[in-house]
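Letters A, B, C and D mark the chains in the order given here, with residues in each chain numbered from 1 onward.
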Amino acid sequence: MKKIINNPSNFVDETIDGLIKSHPNIYSLASDNTRVITRAIKSSNKVGLVTGGGSGHLPVFTGYVGKGLLDSCAIGSVFASPSVEQIASAIRNANNGNGVLCILGNYGGDVMNFEMACEIVRDEGIETKTVIVADDIASAKREEKEKRRGIAGMIFVFKVAGALAETGASLQDVFEIAIETNSNIRTLGVALSPCILPEAGKPTFEINDDEIEIGMGIHGEPGISREKLKSANDLTDNICNRILNDFNLTDQEIGLMINSLGATPLEELYIVSRRVVENFNKKNIKIFKNYVGRYATSMEMAGMSVTVLKLNNNIKENLLAPTNCPFWTN
Amino acid sequence: MLNKENLIIILDKLFDQSKKYYDDFNSADAKIGDGDLGITILHGLEEIQKNKVSFNNDMGENFMICSKAFVKRSGSSFGTLIAFSLMNISKKIDGKKECDHHDIVTIFEIALKTILDRGKTKLGDKTIADTLNLIIHKIKKSKNYNHEIKSACTKALENFKGKKILVGRARMFEDKTTKFDDPGMFALKKLSEIF
Amino acid sequence: MKKIINNPSNFVDETIDGLIKSHPNIYSLASDNTRVITRAIKSSNKVGLVTGGGSGHLPVFTGYVGKGLLDSCAIGSVFASPSVEQIASAIRNANNGNGVLCILGNYGGDVMNFEMACEIVRDEGIETKTVIVADDIASAKREEKEKRRGIAGMIFVFKVAGALAETGASLQDVFEIAIETNSNIRTLGVALSPCILPEAGKPTFEINDDEIEIGMGIHGEPGISREKLKSANDLTDNICNRILNDFNLTDQEIGLMINSLGATPLEELYIVSRRVVENFNKKNIKIFKNYVGRYATSMEMAGMSVTVLKLNNNIKENLLAPTNCPFWTN
Amino acid sequence: MLNKENLIIILDKLFDQSKKYYDDFNSADAKIGDGDLGITILHGLEEIQKNKVSFNNDMGENFMICSKAFVKRSGSSFGTLIAFSLMNISKKIDGKKECDHHDIVTIFEIALKTILDRGKTKLGDKTIADTLNLIIHKIKKSKNYNHEIKSACTKALENFKGKKILVGRARMFEDKTTKFDDPGMFALKKLSEIF
């Protein structure tokens, strides 16, 4: 694994600069913080949506700033939480007097920093609410869902809440649909190979050539079990079973996301997706829409995750609502 | 008694220690978490080094400088908890040129309170809070800080051997975690060896 | 590099099946050929657009079937040309009486098989025209542009011709804009690591840990020069210079595509894109729209390519026209 | 004279040879192309093996079976050119139980014509067409097919040493190609060793 980079310590700043220079109609740098990205055309009459988190997961987090999705994003270093100051700036930039909803993944540093930032801006008169996405079923038991890590499912929350916010809905309403969406999501992933942190120049973890780790986190956190590399079908069956054990989806309508962690190619995602669709069809689970691609990555890590979002009419409508973002195809 | 001069000495020693145990901290964390604890500690202390030229006789300001430095480079739970603690400590000892015994106990008490508040955790969860709690307990009784801190850090780690880790990234491993030290407590023990 | 696959000899068929099962509203299997994909909702009153080529390059080729883009695609094995029979089926499926335009990359097997297929369907009364995309400046001198390989630039031809076809334009008109678009495209890429052919189970070529190959083809064909791994900026400057030496773009308006060959993550693409934009701005080249992502890949190969499309009002309008395809964001 | 029986013997031997030189063909092609020539040849001949149960006394049909088999598994220039050639040959010798001297010359002539037509190439471009041309030249003069084919394949390769490859994927390397054999010509030489 080789990287096309300059000085590793400029990795994040150059990535941000590249994103803005490449899509100047979508993204803009906050005037008060070099690690905060906002929409190029700010919205004026809606709840602001803010996220933030470590770099190295594009399109997560920054990529999902755009009409119909988020208003701003605080960007940490690779795999590291943004600071309280950065988050506070992101919130201020997203606020246009209608309150701000923060949507973030459940990681200790992020959660604490967002909390602190919300306290700071509250003193400035900005009302905020926070939804902590916790979709990774590998990371805590079902009874402790709120303790789970947030991974690819986060994007569904961005999308659904983002669409509702665009209609001018109240902070409370946007908050509620985000909470509901989060509680309707389950994700399980598998890692096949590590990625290289630009500054460290070495792999984040080690894994044998014939091994995979089910439930490994997007920063290389240990998963549920390390197993021998198996066929795509066996692996997919295992993942589907674990998800369905966690979450009864029989006769339900769902949105599906088959997400590559980076290096795993579309061809393999479709081999997995095929099996997921077959398995779910057997359980009479109706797949309303299937998102196959790289939605939440760990740079060039090999692996993939399967996310299900249980739908209702409200969520469905918001899922399909138009966006203006290079990483979301309507 | 803690003043600018011995604060700097302590920070220098901690920085050396963080370099020495960089890999150990990372791998202790990698067993149950994301393996960045060494990075978190080293980066925070490194940034403090860069900023200690601004240290002055107001210990409150010095702690604030440390807090800001930690916040700047660290993006993980440990760093965040330390940074919040340093900030709250800074407010409490604002204007003081030196910290007497009472202040020193207060410093640790504020750190503990901050960590429990911000970390939404409780004593017994097997985190750095438990180590701090034992430090406070011990230095309340004895001013032999170096000895007490060192022995508290060692003792706390021992006390929790075989217990489950209940917060942080480790929570999900449940029973598996009984065989691991909490990485933060482990790091405090190694760092305390400077005393 | 590990693969999530089943029996390697089913790789292509399962990929196709997965694509259709995942997006049943977009793709459909031809009734007469298991290696031909058509639109789920066939068009009835327009020129048919057909492509074809080897598997392992998703979204190229099959992915670009969809409203506003292609009508059908003949799918070969990994990195191998589809057969005459498959191509003939793809053409028949795309035809609704208004003639068919074939758009393909310049590879010996593909070119010959398309030619033969066109002869066969001509005897059945289907009028065809063919545009052979040749955008890879590494693969032949400027004076012999028509001998160049076709790589990522192909997608711009699909898009522009696809949009015009959708308006009901004649075969001749669609052919002409495709020819014009092709002549307005230049691409240069760099490979950092090989990919693994599922059946062979081993890398397509070897390259040292500190080396890159400029101009390497998407099947591992040798490029212009093998060089030491260098900074992203130096590499990008080199690529920009070679493109601009081949193609005078000063004061022109262009579409840009910064394409990953697979494993190279978005972060790195944006570091490259940033530099391309800076370099082009200095030359007063106006970037109308920038497409950054995985548009034409070689499975999990690491590397990227830069494509420029010189614009005029006609091409621009068609570039922006709406599509319905999971791999194209308007 | 060529009939079903000796066609099968030839195909069996070619198949063995294609296995033996699989890597060599791939790497000869990889130097200047995409490295799939060994795959192309092996897959084509392998598929013929699977289908030779359908061989019958009509040599035209047998060649058509070979053509279809080649088309099925091979997706590269060499395979396509061979498949087209086999198809055209099949039409020409349709209904024949055996091919006499004249037919054998015709087989090679049709292959050459097909390759030049379909490949849009000309003699002297350093391709398999040049090898075929020399074979035709030689077997027109002598019925010692085995010897003539083998020596023509060797001679053609030698004749073009130091010359530029002007078609296929190699074209772009210009002068660099003078030091390489054309992979197709190289493969024909190795395959001809069965004779």
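General remarks:
Convention: contacts are C-beta pairs under 8 Å (C-beta built on N, C-alpha and C of every residue); 3 or more make two chains touch, one makes a residue touch a chain.
Model, not experiment: these values are computed from the prediction.
Touch-path distance (fewest steps) from chain B to chain D is 3.
Chain A and chain B, compared by their mean Cα positions, are separated by 31 Å.
A separation of 55 Å divides the Cα centre of chain B from that of chain C. Inter-chain centre distance (chain A to chain C, centres taken as mean C-alpha positions): 29 Å. Of all residues in chain C, none touches two or more other chains.
The residues of chain B never reach two or more other chains; the list is empty. If you draw each protein chain as a dot and join the dots that touch, you get a simple line with two loose ends. By the definition of touch given earlier, these chain pairs are in contact: A-B, A-C, C-D. Chain C makes touch with chain A in their complex at residues 1-7, 11, 14-15, 17-19, 21-23, 55-56, 58-59, 63, 190, 192-193, 195, 209, 212, 229, 231-233, 235, 258, 262-275, 277-278, 290, 292-294, 297, 299-300, 302, 304, 325-329. Per the touch definition, chain D reaches chain C in the complex via residues 30-36, 39, 71-77, 79-81, 84, 118-119, 168-169, 171-174.
Across the interface of their complex, chain B is touched by residues 54, 76-77, 79-85, 107-109, 112-113, 115-116, 138-141, 144, 147-149, 200, 204-205, 217, 219-222 of chain A.
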